[in-house]
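Two complexes come next, and they have one chain in common, chain A, joined by chain B in the first and chain C in the second.
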Partner chain A sequence: MAQRAWKPWLFLAPALIIYLIVIFVPSIYTFYLSFFNWNGVSPQKTFVGLSNYIQLLTKDNVFQLALKNNLLWTIASLVFIMGFGFALALLLNRKLKGRVAFRGIFYFPFLLSGIVVATGWSWMYNPTNGFVNKLLASIGLESWTHAWLAEPKTALPAVFIAALWQGVGQPMVLFLAGLQTIPADPYEAAIIDGAKSHQRFRYITLPLLRETFVIVFATTMIGSMKVYDIIYGMTGGGPAESTQVLSSWMYYQTFKFANIGTGSAISFFLVMVTMVVIIPYVFYTTKKSHV
Partner chain B sequence: MDGQRLHPAANAVRYLFLIVIAAAFLIPVVFVAFTALKSRPELATSRFYAFPKDIQWGNFQKAWELGHLGMYTQNTLFICLVKVPLGIFVEAFAAFALTRMVFKRSNAMFAFFLVGMMIPMQATLVPLNIFLNKTHLVSTYPGIFLVYIGFGIPFGILILRGFFRTIPKEIDEAALIDGCGELGTFFRIILPLSMPAIATLVIFDFMATWNEFLLAQIFITKDAMKTITTGLMSFRGEHATDYTLMNAGVLISILPSLLVYLLFQKYFVSGLAGSVKG
Partner chain C sequence: MAASARTLPDMWFTWGGTLGSFYADNGMTKDLTQIAADQNWSAKYNKAALDMVTYNGKISGVPIHLNVMGMWYPKSVYDKAGLKAPTTFAEFESQLQKLKDSGVTPLAFGSKGGWHTMRLTEQLLEHFAGPQLHDKLNALDASWNDPAVVKTFEKLKEYTDKGYFPKGYSMVDPTEAEALIYQEQAGMINEGTWFDGTITAEGFDNSKFDVFSFPTEQTPQRASVFAEMFQINGESDPAKQDAAVRLGEFIADYITKNGHGTPATLNAPVSDATPHVSALLDSAKAGGFLITDQALPQEVVQKLFEAQDKVALKEWTPAQAAEEMEKAAQTYKSRKK
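What follows is the complex of A and B.
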């Protein structure tokens, strides 16, 4: 095709320019800012080298707590959200009456914003009028009631339950799609060979779902590293910073305390942690697609 | 699907499980709805699981007007209606260049756009804030569209490029012979053929824009421009103890999502899986 060399760039230009302005250049500038002390207003930025990073890792207790919370959150998501999603997919992977309705009920919360979920669930956890405490009291478990979101011990698990409610539909739908790509023949052959149902599950279903597991694993990991809305909306990182995660602590450091350098270092920390997950994932998927 | 037919008893157990879990999933929504429909005195005296006796539709009106949820809904809808089509045009142009036009670095360019999916939004906020402040675009619609469109670009290009690649090249050649230029091919052939992918993208982009919180929180500082998510947060601040009103607000913000889901269900359950596989 005869075509002038600049023409493709004309078509690319709008996307490329916006992408450079909004994502690419800012993220590089953030990296640069993470080596400075700056309050965001003063014309003076002081170069401090790696000291923002060192400070975070050695002195900032909240950062360390946030990091720990992020890790706990990620592990809990992989075990409970992925596991529960898989279980629901297996339950629904049949011809069932009401299958579409069940699927809709489990999936729908995923389409809501974290803020709406956070607001609704804050009401569920309300210490005096909320559903959870009212239910406990009405079945005689008054001693079990808590100010769920206001006690450091219960706050993070309570927020996680809300996140589980919201998030389980995503892996469920992905697993269902994966299950539906498995043909019937291997199962029929296995039945003829006398394989028990748990054996069919172990030796047919699981191996054939490997790719779906990789996708769900990667998206769940990345999602848990970035978790923000639901935590901000339910506890704002409190009580006593006990539910801070990297994203929320970055927000406070940058936009509330005006420690731009520290905030930038946290967000770059987030970039690095995310890369650790994404790079192997990208390698895995591109390798797959070339086979 | 596992080949063996299920024993009726096993099937019953399966149903029992599903019904119990589904009921548990519905509890928060029902509890929010019951609260939203009660009057404040009734909320204080009635049982927590009791159906509202005297349904207070007025709560919705109050939340809509006094709580400004109407304004927030309109603002968000406006952003969606401009951002989604504009963003998709920008992404489609780029995807067109990446798939239909021969140039050396097209794969490298695609990879460059994909890098954007790996960068957490947080890592861009400070420089973006400086930029928008310097250009006086903070809390203006052009600034909002710029930022919102920017973050949609990597995913949009991923989806559209994936779909454009499936359209045979012969079609372009035929169009060229018939005297279609690149723009003609783009508008008259590629876009109409890509409607399934574009429809999926519209729905996902709409939901993502509707639910966006972090960008709105930082770049929309004027109350009159707040979106439904940031608006709901300030609504909570103002009516912290008026639970009936607050839950009416939650219900109002759930409804559009429910509507979109019910109308476009098939895109959510099939389109999503396809798009993740890219």
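What follows is the complex of A and C.
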């Protein structure tokens, strides 16, 4: 019995030790540093209590904008990336000609690095020679042409469209995997009972995809909170800091300005905002599921 | 990261100003003052280069490059518009409209990242503030909420409103702005002594271009300059430190003999492949000011980039931009107290 109790721990130990050393301890140390004024190399760290957090919330207008942008980005990701991913999965789960090729085409951008996507889309948005403006002009919509990345109102949505193009493949594949685990029997029974297609979708497909939704929601949410590379590559946080997000502003504070305490405080905001949403959601959904 | 973990190599490349001072101020670099005296560096290296690698009276790096900035222009564009290099600020401004009328983009600047447009901003500031106030502003010893700063931002706004910059320039990559110059579709760009080599590397003929000093109309007429250097790890083994210094000097000599960029050494021969370097070096003889993104603390530099964009996008007035710059300077100073 005793052996049965400690055996799982023995198998977990290597991964747990690495996790503790690489993730947990540095996270706690980062939290500790968020209460100090420190440039990262000086032997002296000045304890400033909650001052870094207060400064961010009351005086740093870029941080406040970054927080707002992160929340908007997350909402947009959950609605559009999840939504389009789900719609594509439903479509490509049908017996269509060439559906395997289409699955590959839609998944392909997800395999590209964020910087590659950022470079390509930056050229597409180029105000003078970019594909987007050229296309609009060629179909008679010249008045719609725009310096998409150069204006604060359009910059973040323009970057998000690039991120949507890149990111939609991941939820699509996860939803497809979920859809393929649903057996045909309940659908056949429902058809015999006279259920219409929207009823089959509402009462069979959606409930049986609950676990997939948990996974997709969690990965999309965490990914959107951590968004960095595509923004850094396309706008560098500009114009006029209008596309800064928490990760990019944390990078600026930590590595460009050597304000380690402020950068650490931003990273803890990031963790806290993610936790506040994700923990209740995962608890709520897993309680209702069998996983 | 390496600095934070105290795992810096025996020597590393860096720029002068606030980028190199980070290591020196935190006691990570070897003090080379005695070595410089023993080996008579003052007879070997350009004084401006030595000044830019000196912090608190201590030489903290082996200078390798001294870069001088100037306004480069395609000769064909100037010929077509019937223009010659301007010698006064009024002439410079009148040329902008003439260049626009001739069908090119007068100012090839791309503000993505902020630093490219900053090169124009700092020239305007030198013109309006003059050398003394400009130096004080960079040292944060004078208020940025000053009429000279407001005038500088007013000019940026005016040039933006008149369409002198590329369309959507606040997010144009500097390399895209450079491409306009190579293709002779723009009037001028602010680049440094390396630009001869860059033009050639991009497959164009650098003899088709020329360069002039921005007419600040100040005395002395100063150019924007910056140095590149090797710093030596102050915690390395003394034998390795000596070897690192020798390697740094060897590289500086190699650069001098082979004409890579602008050497920091005195009387370096100028290669035929870089026909504009002599003129640029001469332009700095009367004096130079350290390029802004190395002169100011990095968080104040970032605020300057934000201010440039917000003025161009009409989110801040020039007066607001000057106020915000001063706020950023004060915040930085209070943090460092």
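Just so it is clear, the second predicted complex is superposed on the first by the 252 of 291 C-alpha atoms of A that agree within 3 Å, B and C clash if a C-alpha of one lies under 4 Å from a C-alpha of the other, contacts with A are read in each partner's own complex, and residues count from 1 in each chain.
We adopt the following convention: a contact is a pair of C-beta atoms (placed from the backbone, for glycine too) under 8 Å apart; a residue touches a chain by one contact, two chains touch by 3 or more.
Note that the coordinates shown come from a computational prediction; the quantities given were computed from them, not determined experimentally.
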Fit or clash - chain C, chain B, common chain A: clash
Contacts of A:Thr235 with chain B and chain C, given as first, second, both or neither: second
Partner contacting more residues of chain A (chain B vs chain C): B
Touched partner set for A:Phe257, first chain B, second chain C, both or neither: second
Partner chain(s) touched by A:Asn126 [first = chain B, second = chain C, both, neither]: both
First, second, both or neither for A:Leu209, with chain B first and chain C second: neither
Which superposed partner A:Leu65 touches (first chain B, second chain C, both, neither): neither
Chain B versus chain C as contact partner of A:Gly40, first or second or both or neither: both
Touched partner set for A:Leu16, first chain B, second chain C, both or neither: first
Which superposed partner A:Leu56 touches (first chain B, second chain C, both, neither): neither
Segment of chain B that clashes with chain C, given the candidates 22-30, 40-48, 112-120 or 130-138: 130-138
Chain A residues contacted in one complex by chain B, in the other by chain C: 40, 126, 260
Residue numbers on chain A that touch chain C, as the complex places them: 37, 39-42, 59, 62, 122, 126-128, 147-152, 155, 235-236, 238-241, 252, 256-260
List of chain A residues in touch with chain B within their complex: 1, 3, 5, 7-12, 14-16, 18-19, 21-27, 29-31, 33, 40, 88, 91-96, 98, 100-109, 111-116, 119-121, 123-124, 126, 129, 131, 134-135, 138, 165, 173-174, 176-180, 182, 184, 187-188, 190-191, 197, 200, 205, 215, 219, 225-226, 228-229, 232-233, 247, 250-251, 254-255, 260, 263-264, 266-268, 270-271, 274-275, 278, 285
Touching residues (chain side chain C, partner chain A) in the complex: 3-4, 6, 22, 26, 28, 111-114, 166-173, 176, 297-299, 302, 305-306, 309-310, 312-313, 315, 331, 335
Contact footprint of chain A on chain B as seen in their complex: 1-4, 6, 14-15, 17-18, 21-22, 25-29, 31-32, 35, 43, 48-49, 90-91, 93-94, 96-98, 101-103, 106, 109, 113, 115-116, 118-128, 131, 146-147, 149-151, 153-154, 157, 172-173, 176, 182, 186, 207, 210-214, 218, 228-230, 232-233, 236, 243, 246-247, 249-250, 253-254, 257-258, 260-261, 265, 268-270, 272-273, 276-278
